[in-house]
Structure formats: C-alpha cells, structure tokens
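There are two complexes below, and they share chain A, which is joined by chain B in the first and by chain C in the second.
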Partner chain A sequence: MFCLKAAFALYAAATALAFTYLFSKDEKWSLWMLRLMGVGVAFHVASFGFRLALFWQIPENKYFLPINSFFGALSYLSLAVAAVFFVVEGRHRLGILGAFVLPWATIGAGAAVIFADPAIKGLSPALQSYWINIHPMVLMTAYAAFGNAFGVGVALLIQEHQIKSRKPTELCYRLPSIEELDNLNYRIIVFGFPVLTVGIIMGGIWAYNAWGRFWGWDAKETWAFITALIYAGFLHMRFVKGLRGRKAVYVSMIGFASVVFTFIGVNYLSELHGYLSGRG
Partner chain B sequence: MKIFRSVRFNIFLGCLIALGSAVGTFLPQIPDAAEKVTAYQVAHPDLHRLFDFFGLFDLYHTWWFMGLLGLMAFDIVVCKLWNKPPDPGIVALPPEMTREAEIEKHLSQKEAALKLKPYQAVLSSALAPAAASQMSKSFLEGEGYHLRPEVSGAAGSSFIATRHRLQRWGSYTAHIALVVILLGALIKGVYGFVEMVPVLEGRSRAMQNKPDWEVYVDKFTIKYYDGTFEPKSFSSVLRVQKGSQVLGEKTIIVNDPLDISGVRFYQASWGAGGMFRSVDLKLGSQILQLPQRTPEKIPGTPFLVTADVMLPNFTVNNGQADSASLDLQNPAVRFTFSVGPHKTSPLWLLKNDPSVCFAEDPDGNLTRAPKPPFSLAAIDPILFSGIQVAYDPGFKVVLTGAVLWLLGMIGTFYLHRRRLWVLVEPAEAGAKVSVGAWSSRGPEEFTKDFDGLMHRLRAQLDARDDFRITQNPLVEVS
Partner chain C sequence: MSLILVGLSHKNAPLGVRENLAVLSQAKVFERLREAGASEAVVLSTCNRYELYVCFNGVESKPPSWALNLLEKISGMSLSAHAYQRGGPGAVEHLFSVASGLDSLVVGETEILGQVKDAYEAAVAAKMTGKYSNVLFQRALYVGKKVRNDTGVAVGQTSTASVAVQLAETIFGSLRGSSVLILGAGSMAELTARHLQSHKVAELLISNRTFSRAAGLAGEMKAEAIAWQMFPEALKKVDIVVSSTGSEKPILTADMVRSALEARAGRSLFIIDIAMPRDVEEAAAELDHVYLYRLEDLESIVADNLKNRGGEVRLAQELVAAKAKEFCAWESTLGTGKEASLKHSEAV
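Take a look at the complex of A and B:
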C-alpha cells in the first residue's frame, strides 16, 4: 500500500507540475513532470508486484492477476493511463498534454488509495480462469487509451476557443495546433477501438466457457457494446463524413462518458459483472 | 434503397440500438431477474403497462430490438457493397499493351497521371534509364513492395509498386465479420437452447430439451474460504445417460464443462433446498442422530423427536420462518416433540447460535422461546447442484466472425496501404526517375515515410540532385 500511496503522491505532484508548465514557458517543469511520473510509475509497478506476491499466497489465486476488486481494477487502470501517456509522450513529445491526461491517472490511483478496500480475497470460482489475466486487462488498456484521448480532446476544445477568441492567451501558442490534436485524438481512438472490441470478444469467449453463452445482454456487456457503438460511430463519421475538430471531440467525449459509466456505474446494475461492487 | 446506402442512416440506427440497449440495463429483465420484474410491476402499476406494451422487461428479445439489429446487419451489407473504398489504381493505365504507339501514348499519359498523385518526387540519376529502372525495382522489392509488370518503350518505362495491399479488404472483412457474428447469434436463437437443471446430490433429473437424457449428480462438493461463506470451489461428479447408455461423465467445475456432441453441461450454481441426510441433536452429553422426517425416541424419556425441515439461511420474514438465500449461512432445523398423540409446538433451532430458539404456532407465526436444554450440533445437508445445459451451434460461426473482425481491424487500422507509380525516362546525362505516391495513412505520417524512402532511393540511384516532395493539394488522401 505504501508504494501505491507514493505513486499517487508522485502522480499528484506531476499533475501539479503539468499545470505549472501549462502556464509558464519554462521547459524544466515539463522535464520534472516526466521524471516524477516515471518514478511514480516505478512505484506503481512495485506496488502491483507486492500485491501480486500477497495475492498468490492464497493457493486458488496462484497465477491470476489481482484485479478482482475495485481496488485492483482502479490501480491497474491508473497505471495503464500513465503508461499510455508515456507512449503518446514518447512518440509526440507534447509535454503540455500532461495537464489534460495525468489528472485521470491521479484520480484513479487516488480513488484506489482513498475509497477502495485493499483487502486481498480469494477469487470466486467463476474468476479462476486464465481469461482474468487477459479480458479485463485488455479492456482497461482500451479505457486508458480513451482516457488519454479525452485529455487530448479537452486540449483541442481549449485551443479552438483560444483561436476563436479575440484575445488568445499564451496558452494558445503553447498548445499544439488543432490539426495536430485532432490527429492525435483520432490515432489514440484508432488504437483503443480495436483493443476494446477484442476485449469484448474475449469476454464473450470466457462467458461461453463459464456460462454457456457468448452474449447475454448483462448490463456490463451491454454498456461495453454501447461504448463500442459510439466509438465506431466516431470512426465512421471521420472516415466517411470527414468529421474533424470540435464535433469529433464531442463524439469521443460521449464515448468516454460511456467508458466511465461502464467501468464504475454499471457495477451496480450488473448481475454477472458486479464483482467490483461486491454484487457478483 | 437509397436510404440503406447511407452511412448516416446506419449511424442513426446505431444510436437507436445504443439507446434501446441502455434502457434495458436500468430495468429488470425477465430472463435474469423475473422476481424483480414482478416487484417492479407491483411498485409501479401505471408505468408497467406502458413498459409491458413495448416489451421493456424482455427488451433484448422484442421484435423491434431484434428488427433493429437485423436492419443494421442488412444496412452494413448494403453500405459496404455500395460505398466502395477509394482505389488509387483507377488512375493507372492498363498494363496490357503490345503496340509501340500505345506504349508511347501510355507513357506520356503516365507522366500526366503522375501529377495527379497525392505525393510526387523527382530524382535525377547518372545511371542509364534501364539500369535506373532495374535499380529502383530491386530497391523497392527490398523495401517490401510488390511490383506490377513494367511497361517500357523508347520514351522510358513505368511500373507500379504496392505494399500492404490487403489493407483495402480490412474494412470489408470487419463489416462482414459483424454480419457473421449476428448470423451465429441467429443460429443459436433458432437451433440452440439453454436450460437450468438443478439436481440433488445422488439423484438425477431429465432434461427438458432432450427428454431422453438423464442428468446424474453422483457427488457434489463445495469448499469455502476459511471463516467465510465465500466458495473457493464447487464441483459435481456428473454423468449423463440416455436410457442405460452413458453419454458422458466428468467432474465439472466452473469454467470447465462437460461437452457431449456440442451440448455443454456447466457447473453454474448450488444451493441447499431444505433436505438433509441427518442432523445431530445434542441433549446434555449425548448426541442423537436424526434422519429427515423419521421420529426417534429420546433415550430414557417417553418423548419422540422429529426433524422435518431445514432452512439454509434462516431469517424471520413477516413473523414467519424464511430463508434469505440458498447458502448455508445460517442453517436452522425445525423439531417436533411428541408423546403418543400429543405434540409440542414445533421449535426452530439455529446451528450458529444455540441460545436462540423460536416456537411456531399452527399458522406458522414465530415467537421467541427461552433457551432450550438441547441444541443443534450438526447438519449433513443434501445440496443441489445447478447444472446449466447449453447448446449453441452458432458459437463456431460467432468465433469465425470474431477472428474475421480481428483480421479486419488489423487490416483497417494497422496496415497502411502504399502505392507508388514510378516513371523512368531518359535524361541528358542519365535518367529522370519520377515517383508518385498514395497511402491510406494520414498525410503527416506518410510524408515522413515517403521522404525516408526517397532518400534511400536517391542513395541507391546515386542521384545528383536533391529532390523535393510535393503534395498535390487537389488530391484528398483518405
């Protein structure tokens, strides 16, 4: 737990530096933001490793990953958001995006530390399957990508507002161009969408092995399907109708709202996927 | 028909399906929670009529929802057949030409056609045109390009090089995959079945969908995590017979069903239905073992005692004995004491709390009784194993669709089709190599790719001049 608390503190500090960098011209803030994030991710990975060691002390949990609780899921999700941010940052060198993306990693880690129960429990028989190492991880990686896309979308909306306003601030010159942000938003979603759908299909195969049906319209399945439909709509509107800019961002933001609801809200509606809320 | 060709209409359909699906998650659904539907109907007498009219309590099986899904599948097919993806090859000239005049005409047209390509670069080489052409082809083959037959003549030569040609089919494959998945679901709906077969340990039960198949649970085992009622495993020694013929047998656990010719038997649930082999009643220092509903004499007394009913998770509901669940969380047993024709009021004893005792009147109402001089020491319950039997002949079709979808996604999003048109012409001191390019990739990335490619080609050709990539603003790169 110490490692995760340290990771949370470092993410929060990195987020603060990202905001400082947003309103200053000094590159050192960006550099320190990345350094703090890097150390935070290292602590986070260590926390995951320690938790795994404890988790595997229960024989039934051996070789499965500890994401059967809200704590474990939130912890992994925030780590995935940070990891995707690093990939995006590594490829595009847009330090300024930290202010729009890192809050999600911080909120995820913070929610795990503050609100979620860290108790380690034995896996229920339904979850004792190798699919638990694949299906939720794949889906949450997609969620993490969409979280990053959301941050990029917010940056795009701010930039567009700046450009349209009569008195653009310093921020306007520091943010990437609308075209660049639009392209980045699209590319992250293009990564996330296939991962999401593959995760859903994997869930279907697991459901077939566990319950005898590929698809059962359980609330979690249904909302994952709705999320996929929204992002599919986004891609079609972009490919076929050439949707760009603000309107495209609005659609992707609706998609992200659906992601958040699928991850958190639906746990209280789902009969079969209520593991995170203790209903399963 | 025009409306079905419209992607906009398809997106609208998607929105309707998303909206309908969402509604179903906020209302209890009959297949999963029939009792909750009944409770909802009682609590909302006015709304439920409206909801019933639209079938909202079994939304995913309503004609209108199935119709929307079917319409979308149809629409996807029509859209994909009608709206073809951009084909950059359309600009290329036919490769089969034999007469010299045609070739010359082709090459001159080729140059004009090159100017229509989204990206162009011109290189000058000291090599002879034939050598420059050969060198370009070898280089591009080394870069993973597939070469189309060359057209050559006195005016020069031209060829087309392509890479990741399969990308073009990615979108088709992905959309066909959706239809295949829906087809699999349809096959399941028509030919498949799912039924729940609860079987008491040591007993059997006939299936509804295959009445001549008998499901036997020879042994049921459940293990809990220490100090909790959380199960860590449960399994059934299962046997399925058709008459005297054993069709299959296996110890099934969750995630590992028994498969008999595609009919799969899943370990889905368990529970205690109120039956038991025996209970131990502790009377002072002696223990009396009582089979269910079999009166036993209490040694040294004229009394007979009978244990008749067990509740696995005892609770008092509206003043009467009830079970909160089928888990053995708070088991209780009802005992009756009798002497000749005289009977006492039945008494409920709780295994987890010997100090609690309830007396039951003839109407079933409970009153708290003082702590009795005997207690419930142990219960040997007969559990039932919940076997879910499913037959889904469409699963392999769905799986095929899933694999196609994956391939389609990879093709659409991760392969980037490239096409180069290369024209090699004689120049003053060597050859002029003009390259036109198109890619399914975005302009930002492909400009970098094309720039790198041309730099390497320039080094291969030992080109004298630097080159400049021009992007044709009139050509939209999709």
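Take a look at the complex of A and C:
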C-alpha cells in the first residue's frame, strides 16, 4: 500500500510539472516530469509485486492476477496509462501532452488509494480461470488507450479554439498541429477499438465456459457493447464521411464517457461484474 | 593583444554610404591591413552594417581612429560623421551584441548570426585570423545562440508573411505535403507565396483575373497558373489560400467555401486574406474546418510578438555584458602562462 501511495504522490507531482511545462517553455520541467514518472512507475510495479505475493498466499488464488477487485483494476489501469506514457514520452519527447494524459494515471491511482477497498479475498470458483489473467487486462489496455485519446482530444479542442479565435497565444505554437492531433486521436482509437472488441469476445467465451451462455445482456456486457458501438461509429464516420477535427473529438469523448461508465458506474448495476459493490 | 572596431550601421549611417562600403573589395582591405602590421581582422558586411574588427598581435596596438582612417582612405569617403569606434572590452561587447541580434533593425532576428559566421569564415579563408580572433568569433557565435535560447528576444515571428507560415504549421504540421492557392498576382501575394515555398510546399497554384499576370508570376516561381473561373474548383483540394487581389467586392464568398468543403472530407482550410478592401466574405470564418486570418489579425500578432521581445532585451543585454566580461578576463590571462579556461560549459 505504501508503494502505491508513493506512486500516486509521484504521479500527482509529475502532473503538476506537466502543467507547469505547458505554460512555461523551460525544458527542465518536462525532464523532471519524466524522472518522477519513472520513479512512480517503479514504485507502482513494486506495489503490484507485493500485492501479487500476498494474493498468492491464498491457495485458490495461485497464479491468478489480483484484478478481481475494484482496487486491483484501478491500480492496474493507472499503471498501464502511466507506463505507456512513460515509454512514449521517453522516446518521442511529446512532453507537452503530459498535461492531458497524466491526470488519468493520477486519478486512477488516487481513486485506488482513497476510495477502493484493498482487502484481498479468495477468488470465487467462477473466477478461477486463466481467463482472469487475460480478459480484464485486454479490456483495460483498450481503456488506457481511450483515456490517452481523450487527452489528445482535449488538446485538439484547445488548439482548434486558439486558431479559430484569430488571437493565438504562446500555447498555440507549443501544442502539436490540428492535423497531427487529429491523426493521433484517430490512430489511438484505431488501435483501441479492435483490442476492445477482442476483449469483449474473450469475455463471451469465458462466460460460455463459466455460465453456459455467450452473452446475457448483463449491465457490464450491455455497456461494453454500447462503448464498442460508439467507437465503431467514430471509425465509420471518419472513413466514410470524413469526420474530423472538433466534431470527431466530441464523438470520441462520448465514447470515453461510456468507457468510464462501463468501468465504474455499471458496478452498481451489474450482478456478474460487480466488483465495486462486492457482489461479483 | 587588443581589439579595435570601426563600424557604420543602419542606426546612424545613410543607405548610400553603407552601399558604397558594401562593394569594397575585402581582399583589398585585408591587404592594406597586413601592410600596416595588423595580422588578424574580420570584415562584417551586411545590408544594414559595415564593421571592421582588427586585432594586433605582438606589434604595437593602434587606437580605433586608426582603423577609421584606413577605411576612409580605402573607400575615398569621409566616414567620421557616421561611424562608431570602440576599443578593447567595448568592442568585444559590441560584437556579442551584434551576434545576438540586439543591434539589428528587427531585434533578435537570426540572419545576422549566419552573417557573422560567414564573415569569420571569409577571414579564416584569407588567413587573417589567429588564436585571439578565432576564440573571439567562436565565442560571439556561442553567445548569439545562447541569448536566443535563454531569453525571449527571438521568440515570435516579426513579419506578417512569416506569421502566416507559422500559423499554417499550427494547423497542418509540416507544410511539405500542402498545396497552396494564390489569388491575385501582387507583391504581397508573391511575398507570402515565397515564404510558403521556402517551407517546401508540395504545390503552388496562382490565379489572377488577368491570366497573363498569373502565368508570368507562376513562371518565376515554378508554380502553376490556373484560369480565374477555375479557382472555385481548386478550393476543393488546396490546403492554404492566400488572397490579395485589388477587387472592390469580396471575390471569395462564404457560399463558394461552403460548397468546396463538401468535397474536402473534413480537411482544414486556412485562408489568408491580405487584401484591402477584403477579398473573403467574413461569414466564411464561421464554417467548420475553415480558419480565416485577415491582414489586421496577422499584424496584431506581429505587434504582440515585437512587444514581448522588447521586454526581453534588457535580459539579453545583461547576458551579453556578462559574457563579454568573461571573455576579457580570459584575454587578460593570455601569454601569462596561466591561461584561464573559457568553456562553452552551459552550451550543451
């Protein structure tokens, strides 16, 4: 728990630095942001390792990943966002986008630390399947991608507004161009959508094995389906109608709102996926 | 070792005098200096200034007025009314200030740094440099770069054409794949087009009511001329439109832009209207994916940039003074056997 708290504090500090960098042009903020992120990710990985050791002390949990609780899921999700950003930033030095992406890693880790119950329980028999090491991970990778797309989308809206206003500020010259942000948003979704789809299908196969049916319109299933539909709509409109820029970002933001609801809100509705309400 | 400088610049010398100096043969100047015993010298000659830096190595040094006299003899003109003269630390600081763009017509401009480099290289080629002038000029180039990196004197573009190009980059990123449509064949259109062309745009189309003028300009610029009635069709594929016709009424209506947008699949369209009166209907600015900038928008960005630079000048001057002092401290240890080091430590 200490390690996760440390990671959270480091992410929060890195986010603050990312915002400082956004409004000053001093490279040192960006460099320190990257360093703090690196240490934060290291602490986070350590925390995951400790948790795994504890989790495996319960015999029936052996060799399954501790992702059956809201705490585990949030922790993994924020680690994925942070690690992906750390790698991308280390390679491409897109520090300016840190301010739009890092808040998600911070919020994820913070929510795990503050709101989620870290208690470790034995896995129920239905969850004792190798699928638990795959199905949630795949979906959360897609979620992490969509979170990044959302951050890029916010940057695009700011940039669009700046240029449209005819009074661009310094920020305008430091953000990537409209076309680059638009392409990045699109490329991330092109990556995320098939991952989401595969994750949902895996869930169906697991459900068939565990519960004897592929699809049951459980709230989680329904909302995951809606999310996939929204992103499919985004890609369709992009390919067929040439939807770009501001309006495209709106669609991808609705998609992300649906992701957040599927991830958090649905736990109160779902009988089978309710790890937050403790029913799952 | 001592450095002297005589110079004439846009600040106090009339253009005619500067022009006469600019055509002086550099070889001749170097030859006369050698005859007089000066072994190291650099001539910095640009359209805004003519400066002669001379240093004496081992021989008895001379006052700056000596260089002025020499220059007057070579050019056959009386220069003392327009010239400035400096010696020692003052000359060092002046060179650093020039290299930093602080003495330029447009403060912070970067072209001067290249010109200082060229002047130095020309002196090297003429074997007119030695240890002192090598260190001095390499130091000047370093200070020029440092000032532009560490202060805001060079931030922001200072001409409407370069602001337009910069804005285009905030929309499209690299302009390498972009195509540009120029409406009108006047000098403003040409200037902006040349700026865009220097960023390697993929395609340049020129349209003008009088086709022969479009064709003429297109020939000069390796562009393609298109008939006036064809330009609404071209709107469907270009990324950037620069309009500067002499028309009394708008020639590019919002309806024309709207119907072009349908064929553009959501690609951005950047329209620059530098005509007076306007060429583009204001309603076009409301359309999605259309970014319309008028001459006054570009001018107000230029004015803001210049204002911001002004505040940074003092900071830059302080940096230049500190670096000049550092250099002079190094100079004073020359030949003492305990030469101070002059590292470009912060340069990396």
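FYI, the second predicted complex is superposed on the first by the 274 of 280 C-alpha atoms of A that agree within 3 Å, B and C clash if a C-alpha of one lies under 4 Å from a C-alpha of the other, contacts with A are read in each partner's own complex, and residues count from 1 in each chain.
Definition applied: a contact is a pair of C-beta atoms (placed from the backbone, for glycine too) under 8 Å apart; a residue touches a chain by one contact, two chains touch by 3 or more.
Fair warning: this is a prediction, and the values are worked out from it, not measured in the lab.
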item	value
Joint occupancy of chain A by chain B and chain C, clash or fit	fit
Partner chain(s) touched by A:L157 [first = chain B, second = chain C, both, neither]	neither
First, second, both or neither for A:A83, with chain B first and chain C second	neither
First (chain B), second (chain C), both or neither touched by A:I120	neither
Which partner reaches more residues of chain A (counting touched residues only), chain B or chain C	B
Touched partner set for A:L171, first chain B, second chain C, both or neither	neither
Partner chain(s) touched by A:A42 [first = chain B, second = chain C, both, neither]	neither
Which of chain B and chain C A:C3 touches, first, second, both or neither	neither
Partner chain in contact with A:T222 - chain B first, chain C second, else both or neither	first
After fitting on chain A: smallest Cα gap, chain B-chain C, Å	6
On chain A, the residue positions that both chain B and chain C contact, one per complex	241
Contacting residues of chain B [partner chain A, same complex]	7-8, 10-11, 14-15, 17-18, 21-22, 24-26, 29, 32-33, 60, 83, 184-185, 188, 194, 225, 230-234, 253-257, 264, 266-268, 388-390, 392, 395, 398-399, 402, 405-406, 409-410, 413-414, 442, 444, 478
In the complex, chain C residues that touch chain A	166-167, 169-173, 264-268, 285, 288-289, 291-294, 297, 300-301
Chain B contact footprint on chain A (complex, rising order)	58, 60, 121-126, 128-129, 183, 187, 190-191, 193-194, 197-198, 201, 204-205, 208-219, 222-223, 225-226, 229-230, 232-233, 236-237, 239-241, 266, 269, 271
Chain C-touching residues of chain A, taken from the complex the two chains share	159, 162-164, 166-168, 172-173, 175-180, 241-248
